[in-house]
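To start, I am sharing the structure in question, which I have written as structure tokens.
Chain lettering (A, B, C and D) follows the sequence in which the chains are written, and residue indices restart at 1 in each chain.
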Amino acid sequence: MFNKILIANRGEIAVRVIRACNELGIKSAAIYSDADKTSLHTRMADESCYIGNSPAHDSYLNKEKIIRLAKDIGADAIHPGYGFFSENADFIKALEKNRITFIGPSSKSVSLMGSKTEARKLMDKNKVPIVPGTTEAIESVKDGLIISKEIGYPVLLKAAAGGGGKGMRKISSSDEFESAFEATKREALKSFANDDIYIEKYVENPRHIEVQIFGDKHGNYVHLFERECSIQRRHQKIIEEAPSSFVDELTRKKITSAAVAAAKACGYYNAGTVEFLMDSKKNFYFLEMNTRLQVEHPVTELITGLDLVKEQISVAAGNNLSFKQSDLKINGHAIECRIYAEDPSNNFLPSTGTLIRYIPPSGPGVRVDSGFDSGSQITVHYDPLISKLVSWSDTRESAISRMLRALSEYVIGGLITNVSFLKIIIDHPSFRKGEFDINFLNDEFMQNLMSQADIKYIKEIERVSAIFAAILKSKSSINKLHAGQTDSLNHWQEQMYE
Amino acid sequence: MFNKILIANRGEIAVRVIRACNELGIKSAAIYSDADKTSLHTRMADESCYIGNSPAHDSYLNKEKIIRLAKDIGADAIHPGYGFFSENADFIKALEKNRITFIGPSSKSVSLMGSKTEARKLMDKNKVPIVPGTTEAIESVKDGLIISKEIGYPVLLKAAAGGGGKGMRKISSSDEFESAFEATKREALKSFANDDIYIEKYVENPRHIEVQIFGDKHGNYVHLFERECSIQRRHQKIIEEAPSSFVDELTRKKITSAAVAAAKACGYYNAGTVEFLMDSKKNFYFLEMNTRLQVEHPVTELITGLDLVKEQISVAAGNNLSFKQSDLKINGHAIECRIYAEDPSNNFLPSTGTLIRYIPPSGPGVRVDSGFDSGSQITVHYDPLISKLVSWSDTRESAISRMLRALSEYVIGGLITNVSFLKIIIDHPSFRKGEFDINFLNDEFMQNLMSQADIKYIKEIERVSAIFAAILKSKSSINKLHAGQTDSLNHWQEQMYE
Amino acid sequence: MNDFVVSVDNSKINIKVLNENELTVDDEKFIYELFPVCDHSFILKLNNKVYELTSERLNSDLFKVLVQGYQSEVIVRTALQEKAFKLLESSAGFHHHHMNVKAPMPGLILKIKKNVGEQVEQGESVIILEAMKMENDLKAPASGIIEEVFVKEGSAVEKGFNLFTIG
Amino acid sequence: MNDFVVSVDNSKINIKVLNENELTVDDEKFIYELFPVCDHSFILKLNNKVYELTSERLNSDLFKVLVQGYQSEVIVRTALQEKAFKLLESSAGFHHHHMNVKAPMPGLILKIKKNVGEQVEQGESVIILEAMKMENDLKAPASGIIEEVFVKEGSAVEKGFNLFTIG
């Protein structure tokens, strides 16, 4: 195994990797920017190295600095987490050159899956169902119009170098085609430095189902069942679960086989995720493959009992997978909520500041992967993810009750968070019944947020807040009248506030 | 099911029951004494009722007050937790009279098992192996001497009304008998208001193995496998695990069958634990039955995926057990550490005060059941248990690594705790190998605590503490020299300390 | 003297603090107890229910209060203050004169949707600010006319930077 | 001036604080950074290792410091103070005169094992105090003669109550 792993990331995922290193007896080295001096990953690693100013390109995206640091401190491997360098083929190649092991797939797998058209071609060749459409970039408006007519509107225009819901546009009729074509090309060039775009059939109200796969360097492949991530806002996943309540045993067999075929097709090793769209008839179509650990990996850990990060490290060190497909079975149900510093009542504007009080929930069946703690700063420079709250229970129904219980226990003071918003979704009758698709959090849902909330409960909360303020105010008036009167409430009030 | 459950307990177990009620949609009512105004159970329940002064007999042991309160607030059931009224047959009878459901066994089962001689007689009759010795109280020194000679020294004198390791005395030869007989009788009378004592063979270096059983009111019985609780200090369990690394499949089959037979023998329903001593040849002997939920129930929850408290509530409401024996299997390995406010370097003297900083560990495979939080007071009035830290993993070895990782993450400021002591045990080669018995923490171990610690690590920690103090002191001297110099460190130092 | 009007979100609540442990809310009586746990953290007991609150006092009348995941801004006024406030609000000449909107966080001005002189309704989007890689709609806090816009599309702003005024 | 002798448990450590970010420990050099996170909580970085500390300052020289589950009492003296202290300690007349032992917690005096006039060694048990349902040995903090005992067996004491003195 490795002697020391440098973690080229921050926040909760850096903490997650540090914990795995600690349990494996491997030294962990964190990097941190100015903004992350008070973050948990900086405190928890065996070594913490300052890497640069707060903007990511000066710190977590500074390839040269990170590689030099890894060599300076004698790290023999780098874990990229997710985001940043996790799907960057150049970074992986640079590590190979410097004889540092990348804890992830080969640069070749990453490149193959980085081009959406190449990936579609490869999947099609390997009999993994893809969304109907082109597997080559389209050259002209004329070609596009012909193909779109063949497929049938609505269609999606997508950037070949895009991914994760970025760089795409829906077209409902041929009238819209030309202007959309040009706009998408412009955006693709700007965002991905590559203006290749392709056409896909627009799948109506699909669910987002993805399969966790794992491969080792000896050609062994397994799947770890599916996750459902249909609860999204602006293509951003918010709630994920495993297994999917929509997937039956037969469909599970088909979709996991397709995922393993996808992994084999690109000679994949390490943890990876094959994402599919699934329509209401349970037909599924390859969407993209994420060649890295996912944010939502804990739900899979909870239903399989595996530790995906430890397994990543072991596989990167050249070991065989520590388990076989036949060892795995689904145990219970797990749900993850992403806890963001953002204001649901103000268009999800990110909220920054100091965590003046932070009490994560705990007890049976609750796991919190957090990147911060009381006194930590949440800044504007990165993703506003504070933590991931995961519940497990033997059934989906009790995992939901448990999640609601845990959300109610969570105290995050000093910032506005999406905790109350998550409660509304988790407690929603449609969510409870498992009746939703990727458009669940549509404009209508968002506009009716307040009517979906438990108004009686919110009234109670408002009343409590009002009473609190009135008591404090009344204490201050009394004090003005009776100066010199000793009063413990007044005493601490002064300490706290003045 | 019930509408409202009153929880006649405090601390972590009250919090545990509140969480279960919340997940089941049942209202929870807590009681609290003066000392527990800042405890977590007081904050988390749907209702919290002040019950009296801090001493337990004024509050948590005030039967009349508790029953009156339950009626006043319309609670239809009472959960006793462990300790306090959990094994008090009179309390259960009083509830029956007041038509409040006791979430636990019948008063009859509790009475039967409360007398150790009666229990031994019953077990013997039902072919559950008991430690060789008497099943009746011994009348005279003369009888005792004859019996002891028959059994063979060393023997144990035990109070019939005792339990949990209290009220017993080891006798190595006939010379010691008479004085020991009288002393034990005196103590028994003083402690249990009953001076019946009996004789048991002293089992050499046994392990403490117990079996979790469950019964419902319809005569269904299951076992939930064994727990090993051999790591004890002065008969006080400190570390528990499930399954036991010492118990093989055949022994498991025998001991769990014996436990179910014991439960049947006393017509038991609800959660219960049958405790055994097991000698080095894996012979086991009935020790006692605890007719309540145990402190260490979480390790069983983690290896079975069940929620024992929810199941207790359901069974008390008259439901059938929600699972069958054939549904259960052991999944992985779980270890629990009891986190106490006590000073291992000063004879485990309890430590009291305010938790000025409290950060429980988290992440994969870690569960914390805590009764307190930042700002809570730990007082002299009750048991100094702060929380229970539980780790789960697929193997015992990785559950140990995980526990060590979690212990290292735990921040409990303001009190002295046994966290560092627990680290020494968990990391001990004999513990890692599973080679220990109930005498593991003997005088020799305790006297060599320091040499068993990782001295290099402690030196590092001492150095860090020293550097911290030196820097602060150096800041103060600078300030005296250069008055008026602005210095952010000095600024906050004043805020914090002066 | 201990008669307060408290504004929380869009509600107004009348609270009379009767003495050290009793108060009324819109004439309903409560037994209360309030004490601090640690910095910014308080325990408030109302009848038999205990709440943990996290609070920052922004000025003598304005609190940020967090209870069970819900954060509100709470303005508390004595009955007298409230009367004065209402008079002012209803008087003919009262407007949110020169209401100044500042950047809630550092970011990049992606788009300015309203120009000087345009009428906007409360809640209407005026500026799109990109921060934390996300687009954030900055909305008019009140209806009125855009009087001044201090930024240009593409410019970077710090937190607290003046963006525009509504008159 | 910035030359300190720090006592932690039974060790003495020599620390020179060179400037705002460098210090030496027994002549080994470290780069340091220290800042507060919140009440009682600090981050100390030594070379590439970050520690979180929880600390209470009991007086200007005495700290309770918690690092990774280990709590120590730390006494820090300037080199000069340390010299004076050592002189005092080694001078013939120096004893822990009238060292006063107080109850560390409220409880019940179960047993008094040493009487007035008896010699005790450091660490020897003097009184057994029952608290939290457990028996606690209260030991002599130093060797000497028991001068006075202020309690009786069976009496209840509050925290901080004087129990006995050693001379």
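Just so we're on the same page, a contact is a pair of C-beta atoms (placed from the backbone, for glycine too) under 8 Å apart; a residue touches a chain by one contact, two chains touch by 3 or more.
Since the structure is predicted, the reported quantities are computational estimates derived from the model, not experimental observations.
Visitor: Listed by label, which chains are in contact with chain B and with chain D?
Guide: A, C
Visitor: Looking only at C-beta pairs in contact, point me to the busier pair out of A-C and B-C.
Guide: Greater number of contacting C-beta pairs: A-C.
Visitor: Once you find the CA centre of chain A and the CA centre of chain C, what distance in Å lies between them?
Guide: Centres of chain A and chain C (C-alpha means) sit 32 Å apart.
Visitor: How big is the gap, in whole Å, between where the Cα atoms of chain C centre and where those of chain D centre?
Guide: Centre-to-centre distance between chain C and chain D: 50 Å.
Visitor: So what's the Cα centroid distance for chain A and chain B, whole Å?
Guide: The answer is 39 Å.
Visitor: Where in chain A do residues touch at least two different other chains?
Guide: In chain A, 356-357, 374, 408 touch at least two other chains.
Visitor: Which positions in chain C are in touch with at least two other chains?
Guide: Touching at least two other chains: 35-36, 38-39, 41, 51-52.
Visitor: Just say which it is for the chain contacts: an open line, a closed ring, a star, complete, or other.
Guide: complete
Visitor: So in the complex, which bits of chain D are touching chain C?
Guide: Touch list, chain D to chain C: 38-39.
Visitor: Per the contact definition, I'd like the list of chain B residues that touch chain A in the complex.
Guide: Per the touch definition, chain B meets chain A at residues 15-16, 19, 22-25, 44, 298, 301, 305-307, 331-332, 357, 359-360, 362-370, 373-374, 393-394, 398, 401-402, 404-405, 408-409.
Visitor: Which residues of chain D touch chain B in their complex?
Guide: Listed in rising order, the residues are 1-2, 4, 6, 8-9, 11, 13, 15, 17, 23, 25, 30, 32, 34-36, 39-42, 44, 46, 51-57, 60-61, 63, 65-72, 74-76, 78, 104-107, 131-134, 136-137, 139, 159.
Visitor: Please name which positions on chain C make contact with chain B in the complex.
Guide: 35-38, 41, 43, 45, 48-52
Visitor: In the complex of these two chains, what residues of chain A are touching chain D?
Guide: Interface residues on the chain A side: 29, 37-38, 42-43, 45-49, 73, 356, 374-376.
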